[in-house]
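Letters A, B, C, D and E name the chains as they come in the text, with residue numbers starting at 1 for each one.
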Amino acid sequence: MIPAAQLDYWVLSPLFVVAGFAVLGLILEAALGRRYRFVVQTIATAIGLVAALVVSVLVYGDLRTPEEAGHVARGAVEAEGAVTVDGPGVITWIMLLVFALLSLGLFAERRFEAGMSPFTGRAADIPGSDEESQAVQHRLEHTEVFPLMLFALSGMMLFATANDLITMFVALEVLSLPLYVLCALSRRRRLISQEAAMKYFLLGAFSSVFFLYGAALAYGYSGSLNLTIIDEAVSARADSGGLLLVAMAMIAVGLLFKIGAVPFHAWTPDVYQGAPTPVTGFMAAATKAAAFIALMRVFFVAFGGASWDWRPTFWVVAVITMVFGSVVAIAQTDVKRMLAYSSIAHAGFLLVGFSAAYVGIANEAVLTSVSSVLFYLVVYGVATIGAFAVVSVVRDSAGETTHLAKWTGLGQRSPWLAGTFALFMLSFAGIPLTAGFIGKWGVFAAAWAGGTWPLVVIGVLASALAAYFYVRVIVLMFFTEPVGDGPTVAAPGVLTTVVIALAAIVTVVLGVLPGPLLDIVQHAGAFVR
Amino acid sequence: MMLTVLAVTPIIGALLVACWPGASGNPRLVKVLALAVSLITLVLAIVVAAQFDAAEGGYQFVEQREWIPAIGAHYALGLNGIGLTLVMLTTILSPIVILAAWGDRLPNPARTHTYFAWMLALEGLAIGVFAATDVFLFYLLFEATLVPLYFLIGAHGGVGRSYAAVKFLIYNLVGGLLMLASIVGLYALTTRAGESSFLHSELIGLDISAGTEKLLFLGFFIAFAVKAPMWPLHTWLPDAAASSTPSTAVLMVSIVDKIGTFAMIRWCLEIFPGASQWASPVVMVLAVISILYGALLAIGQDDIRRLIAFTSVSHFGFIVLGIFAFTTLSTSGATLYMFNHGLSTAVLFLVTGMLIARRGSASISEFGGVQKIAPVLAGILLIGGLSSLSLPGLAPFISEFMVLAGTFTVSIPLAVIAAFGIILAAVYILLMYKRTMTGPLRPGLDGIRELDGREFTALAPAVVLIIALGFVPGPLLSVINPSVEPVIAQVGAEDPVPPHPVDAASEGAHE
Amino acid sequence: MTEYITLSFLLFTIGAVGVLVRRNAIVVFMCVELMLNATNLAFVSFARQHGNLDGQTAAFFVMVVAAAEVVIGLAIIVSIYRTRRSTSVDEANLLKA
Amino acid sequence: MTTFWVLAPIMVIAAMGLILARKAVHAALCLAVVMISLAVLYAVQDAPFLFAVQIIVYTGAIMMLFLFVLMLVGVDRSDSLVESIKGQRLAAAVVGILFAVTLSIGVGQVVVSSTIGLDQANADGNVEGLAALLFTRYVIAFEFTAALMITAVLGAMVLAHRERLVTPRSQTDLQKQRMRDYAEQGRHPGNPPTPGVFALHNAVDTPALLPDGTTAEESVPESLRQRGQERQGLDDSAVQDRLREIGPDEDEEDADR
Amino acid sequence: MLELSWLLIAIPLAGAALLLVWGKGADRFGHLIATAASAAAFVLGLIMFVELIGRGADDRSVTTSLGTWFEAGRFHVEFAFTFDQLSSLFVLLITGVGTLIHVYSIGYMAHDARRRRFFAYLNLFVAAMLTLVLAADYLVLFLGWEGVGLASFLLIGFWQHKETAAAAANKAFIMNRVGDLGMVIALMTMFATFGTTSIAAVNGAIDSASGSTATALGLLLLVGACGKSAQVPLQAWLLDAMEGPTPVSALIHAATMVTAGVYLVVRSAGIYDASEIARTVVVIVGLVTLLVGAWIGCAKDDIKKVLAGSTMSQIGYMMLAAGLGPAGYAFAIFHLLTHGFFKANMFLGAGSVMHAMDDDVDMRHYGALRRAMPITFVTFGLGYLAIIGFPGMSGFFSKDKIIEAALGYNTWIGLAAMIGAGVTAFYMTRLMMMTFFGEKRWRDEVHPHESPSVMTIPLIVLAAASVLGGALYLGGWITDWLEPIAGHAEHPHLPVPVIVVQLGVMAVVALGVAAGVWLYRRDVPDRAAADADVSIVTRAGRHEIYTNEVNGALVVLPVRYLTRLLVWLDARGIDGTVTGTADRIGEASQQLRRTQTGYVRSYALGIFGGALLVVLGLLAVTLA
């Protein structure tokens, strides 16, 4: 007789709420007439996200404090050891839910395409065919994107909190598969959208096998897939552990791929450019966040005992990633590609914070690797979604005009929009009084405290490099006279406006008064082992 | 609260100017509004100065509030004599600059309001920088000043503005980011030592190992050396100065660049005394190179604005030399120099700006004989030039002499070599004056007008101050000296005693 | 034991090389499947070594995941084929640089 | 052990076939060989449940799916042997070999601890053992595989399913339409002429010749015409001669084609 | 009264400020205000001088302080003035001669549109010069020092529309700056050594410092003095400075400012007394300048340049005297005063001539002016007699004393000084002959006429002073008067009796006069002989013994090339490095961009290769 699994449904409820609403969306899809689907789906998704958000916040409040738990972390391992509901994990949930809510605004924006969603009406049609125009005539919309997004989100949430490698792998696939599909659904420029999907899919599958193989080797090393048990084995090891090293390497490859670290970055620009802009925003912000937390969880919890074995390699990866992302971004002529390379560079900065593996001082609220990365992910994610939201507004008759040359003089045509975009750029560049500055500050502080000050120096130089191309965009928008017609800025719908405004406000507020959020991430504590 | 009010007033003014209904369509209103705000700020600054107790020294008007407790950052303001001097410079120059900018021909006249708004914003941020006593806050404001200047150059400048703006920004950003690295290091240090804090008062006593101290010092110093700018990190300045409006150039060179040298005193010397001692020989040599290099390059320029920019490189060399000689005389002199240089450069940039605006060209070779038709303009240019070459009787002489004499007691060769700068200064200023103002009037210049009332009103206060301070620098020095002495003590340096001091009786005979 | 793992390595590497050299998207994907199978072999072998069933469970999950992945993957490939009349991965390179 | 040593070479060769086979179908068959062999190895390693699942799910379902798709896109397509990316093959080979060697060296020397075996774990039966894990320790993963499945279905639907926008016309409708056409435009309501009546050719891709010597386009099936695969029988000299006899009118018509 | 020395400065300064600020409104009466200011200062100075005479010999130095100028650390400068025997003489010279020249200028500048400005500058000059001589602190002295430099700059370049004038002004200022460099370094040395720059304190404490310090200070101050007093090697600016209006040449470049160097040396007697080397160098500089100036004076055809060369030469005498130490300080000042009278007189006379000749300065266009301008001729003639040392005239006493002292110091130097006197006689005679005697050589449209009385009266006064200036030596008054400052002068021990020396000098002078008369008794060509036609000595003299060329080759050209090199280096080297780095990054960006080929398989290769590297990396870190 198999004993029933001990599940504390309350602490796991955010996961189930999101997944449940995804299933609900599916049912709605089947049950509702086409006319109502879009609106109802949007509302249902929103309700689901908000509900999950509320529940997450409540769960966070219920987490055992470090005192109760008897260790430096907050929270506990749940679900028979498969999921860790701890401070960083729940904060990641909240963060992901916020990203999803913001992205939802972009998903549901129907203003730009004559009252239709930014996704293709019927993905199965051949681009440019009669069928496609017929689909447009009939105002078809793929309302399945909402459940897909929720599924992806549930995967991300599970990914960030999974405490064993198999759960993590499943979560990885749950988050990836919907994204592959979403990538292929752009309304305009179908060809590159499909291409992006295929590239993302093939490379994603390829890299996830590496992760899986690493998991297998880790299992081979420790006899378990559970991070806690692996940690025990790692801490107790006597040999050099070649098996362990290879396992760590392979797991790292899989996770670094999702983060977009060099040399596993190559998919990023292509996919970011090809995917529908709302999806790009969601993906860039949320996937990176989830994957980064997963990366840290695996390496801090399971392989924390071997941190001196993996740290140098991550230093190198961090440096290469920062420099490569910043350098290549300079030559980009497409906004979305530029943002993609910028996201690569940011992955590098995040890795700086991570690879210091600074766990802080007992009973002191200081910026550790975990807390600084959490903060960085929030500010980066918000600004990213905001930036892509702006991208979705700058359009001409053929849809979004992502070529930078078309952005000249935007500042004169619509100063507010350009101003917010400039704000996001400045935040990315880490200019003080924007949130990005505090974010960079945090990871660098953690890195220095972790003893890797050379990384900090390289980091600041790389951010100067990065600043160059952000500034270039500002120059283009504000100081260059528009060539020819210049960009046509579609009047953004309410949803997009709200998203852009929220992102801008968060970016400024967290830049000026980062105290409360810093406080929260600092008190989130370490990962529960 | 006083300092907050002082710093926030221009920023609120900036918002007002930028957002005033119908501002974009009514440049006149914008100008009056901006001038009024800057004058109000000046009045406030005078109130602050009046309440400042010069004899007491130390930080006054202290405000301190927790800001980001998570990392130990405070909102902490306070003024010592050095800070007060620079705040006064800022508030005095701002109305002058704004008044002088009334006639600026902008690339996009419809955006006049943003031009003035950015100026006011810059004024507020600069005041904040000079008043900040928390290094984190300081850094934030330090970097934030880049944004207004960037837009002032990039959006409202002249030919090549976009290149110059980017160059300016990237240069300063690189420097600033290195400083950020050092601040991160400080954070790590204070965290390890207990409570993390960025307060000036706490950092002063921080126990740092020698190696780390040098490292952190370098981060700070390079940032300030870019800002100042020192050879060989100066090449952004000529481009930026040549591509901006005269008013922007003044704000940049007279105020924002002073942040660099100001911060060297406040942050490099005081927090890293050991490393400052360690670096001082090299820094002084670099400063002397800056002096001569800037002067020689100024001689070789044809663009008036580039010329003035290079003279500033030379003058900043003097300031840095004075700071790193670690004598009361030289460091006080350097502080005074900051003020005086601010004035004299302001006069030079503004008056040449007016000249350039009349001709539509900044090339020296396109001028000649202007004195004949615009004697007042020529006269003011001459006074500005003479002050730049440190003619006794004009303010900069005193500060330059103090720097040199103080340095001489520490290093005779450096002081002597630096003193060659005074010859070169005569060469660059007088050649420029001769080529533009004297000789027969060049064809095409007939239309050049004499200064009008507004322009004269803008320049007159600066000219008067330059002359007055040449004879009566006492009030400023009485504020500066008490604040410099603790700095020198903190560095651990003592003023060298002269080998054959004149006995007290003889000294007393003077008093 | 070692020989199973070595075989698994070999298959994994061959699969990876296959991904690099094959141009037909479907075959590329089959190579990924080969890698997954190699992983499963490692799981199962390690399970026997450690004497617990976690490895076998993992292999089971992998199969499930693989099935789902195949569905999505082939759907994407088919939709691309419809558009381009080709399954060559090399021909999909509008996105670059 | 014997099983292993027999199967391992086969598997490696089959895997190599996956890389080397020119035709995708052959590659698929090679993969199937690997999978089935793998199933056997599972069985050997005390994993009877996986043995079954491997056969049923992997070889049975997944491989079939592959084959379906292969057929959909054209079974007989074969990869060209010319590598289009410079240095790709060499690089792949080098990296692959290095990778395998590194892994073997890095890991091989370590895996020496004794094998415990699954006798104890499988005491209650392999399936029961797996189930116990699945429903306790991995229950969350198990539940989320549901999400995976749904996503798969949904994804496949979204990408491949084409919602019908117009109701298809029935035979009756078609018939009515045909008569209407005949009434209004005089289009022949009957079957189009049959192809392949030309003397030299007798095939569906050869258009029928009308009495005036011209070809009847509609005699060739629509699909062939769209692919441009209909045979141009007109280059035969006899036809040419005949055409010349008939005169300019037809020439014009010819040119129109 | 004696505490009012600041007022001496303030009056002309206020005049200058008033004229400059008032603007055009003061055009009509500005010159009167300025003259009045100068005169008022003279009157005040005279009253103070009288009071000073009335005091006891020990009580004749009065220092007044206006307060602290600036201070920091150990440094402290008083804004203090000393009115004593030396400065009082200078005050009288400056304000007296200055006032006369103001008056003269009223006429001379009558037709200049910018006359008000001219007078403002003159007043400014007077104020600065008074600051210089009254200063009780070297730094305050330096303030005056630079102030006169500024006034000199403004006045030389007064006719700014002339390129040459502007260039001459710049040259004067910049060459003076070289001297200033010496001054500044001297000031710093004083501060570093004594902790003060007070004149009295430094000169009083000099003995406590090492001899090398005194030498250094002496030499550094000499550099300053050379610049201001146009001594070799910084003499080149003076001849160019003749571009300024003639009253300026008279006041600044003859009577007062250029003698400031001599004043400085005498004022720093304590320092020079402490250093034999410094004094020797002063003597050499003086001697060389004496001869060079005379040489140039012989070769020039421009009347003002002849006078300028003469000025150099005469200041050379003064320097020479000052270098002799206590034996010569008083005579240096004595000669300075008499020279101030007669040279101002002659410059103004020359101005009068130029005025008559439509501003032509070439003596070859003159001739026979004695009849056309009798007053000018007579006054000029008296000045001439004074300078050549005609017995009884002021120059006779002052120059003779110097030669005697020089002979007492060193026979050869004395002899050289004697020869100088002969040469002086020659070139001055040449000037007289070419200007006032012989045939008229001016063009027909020129109508020489006597100048208005506003110009001639100052001439007459100065002529009288030139004649009577020797009275200062009556009973050795001036040496006694200056003894507290210059020290006690022993009578020089001459190899021959004094009367022999005097006779010898007279003989040499007579020889010079005779040569001049003989050579220029006939008409001179009214066009300059080409350089090739004159002797190498004349050619060198005409070219100011090639000092401009030397300066050009040694300083100007190298600096110019250095500047060009640096401009190039700055653009290519330093900025080039920066922009080059930026370009490299841009190129790298383009290169790296190509790695993004768009081929999935390349990306996969990247991942696979990356995986290999990560594995190798981890293994390497641990196993290494």
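Quick note on the criterion: a contact is a pair of C-beta atoms (placed from the backbone, for glycine too) under 8 Å apart; a residue touches a chain by one contact, two chains touch by 3 or more.
Just so we're clear, the structure is a prediction, and the values are computed from it rather than from any experiment.
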item	value
Touching subunit C and also subunit D, the following chains	A, E
Joint neighbours of subunit C and subunit B, given as chain labels	A, E
Chain whose mean Cα position lies farthest from subunit E	D
Identity of the most central chain, Cα criterion	B
Separation of subunit A from subunit E, taking each centre as the mean of its C-alpha atoms, in whole Å	78
Subunit C and subunit E: spacing of chain centres that average the CA atoms, whole Å	95
Distance from the mean Cα position of subunit E to that of subunit B, given in whole angstrom	36
Separation of subunit D from subunit E, taking each centre as the mean of its C-alpha atoms, in whole Å	103
Residue numbers of subunit E (touch at least two other chains)	593, 596-602, 604-605, 608-609, 611, 615, 619
Per-residue overlap in subunit D, given as positions that touch at least 2 other chains	85, 88, 91-92, 95-96, 99, 102-103, 106-107, 111, 137-138, 141, 145, 148, 151-152, 155, 159-160
Residue list for subunit B, restricted to those that touch at least two other chains	none
Pairs of chains, among all present, that meet the touch criterion	A-B, A-C, A-D, A-E, B-E, C-D, C-E, D-E
Touch list for subunit C against partner subunit A, complex	5, 8, 12, 15-16, 19, 25, 28-29, 32, 35-36, 38-39, 42-43, 45-47, 49-52, 54-55, 57-58, 61-62, 65, 68-69, 72-73, 75-77, 79-80, 82-84, 89, 92-96
Complex interface listing, subunit A residues touching subunit D	2-3, 5-7, 12, 15, 19, 22-23, 26, 79-83, 122-125, 131, 134-135, 138, 140, 142, 144, 147-148, 151, 154-155, 158, 164, 166-167, 170-171, 173-174, 177-178, 180-181, 184-185, 217, 220, 226, 239, 241-243, 245-246
Complex interface listing, subunit B residues touching subunit E	171, 231-232, 234-235, 293, 296-297, 299-301, 327-329, 332-333, 369, 371-372, 375, 379, 386, 391-393, 397-398, 401-402, 404-406, 408-409, 412, 415-416, 419-420, 422-423, 426-427, 430-431, 434, 437-441, 471, 473-474, 477, 480-481, 484-485, 495-503, 506-507, 509-511
Sites on subunit E touched by subunit B in the complex	20, 63, 65, 67-76, 78-80, 117, 139, 142-143, 145-147, 150, 153, 157, 160-163, 165-167, 169-170, 173-174, 177-178, 180-181, 184-185, 187-189, 191-196, 198, 200-202, 204-205, 208-209, 213, 559, 562-564, 566-567, 570, 574-575, 578
Contact footprint of subunit C on subunit E as seen in their complex	593-594, 596-601, 604-605, 608
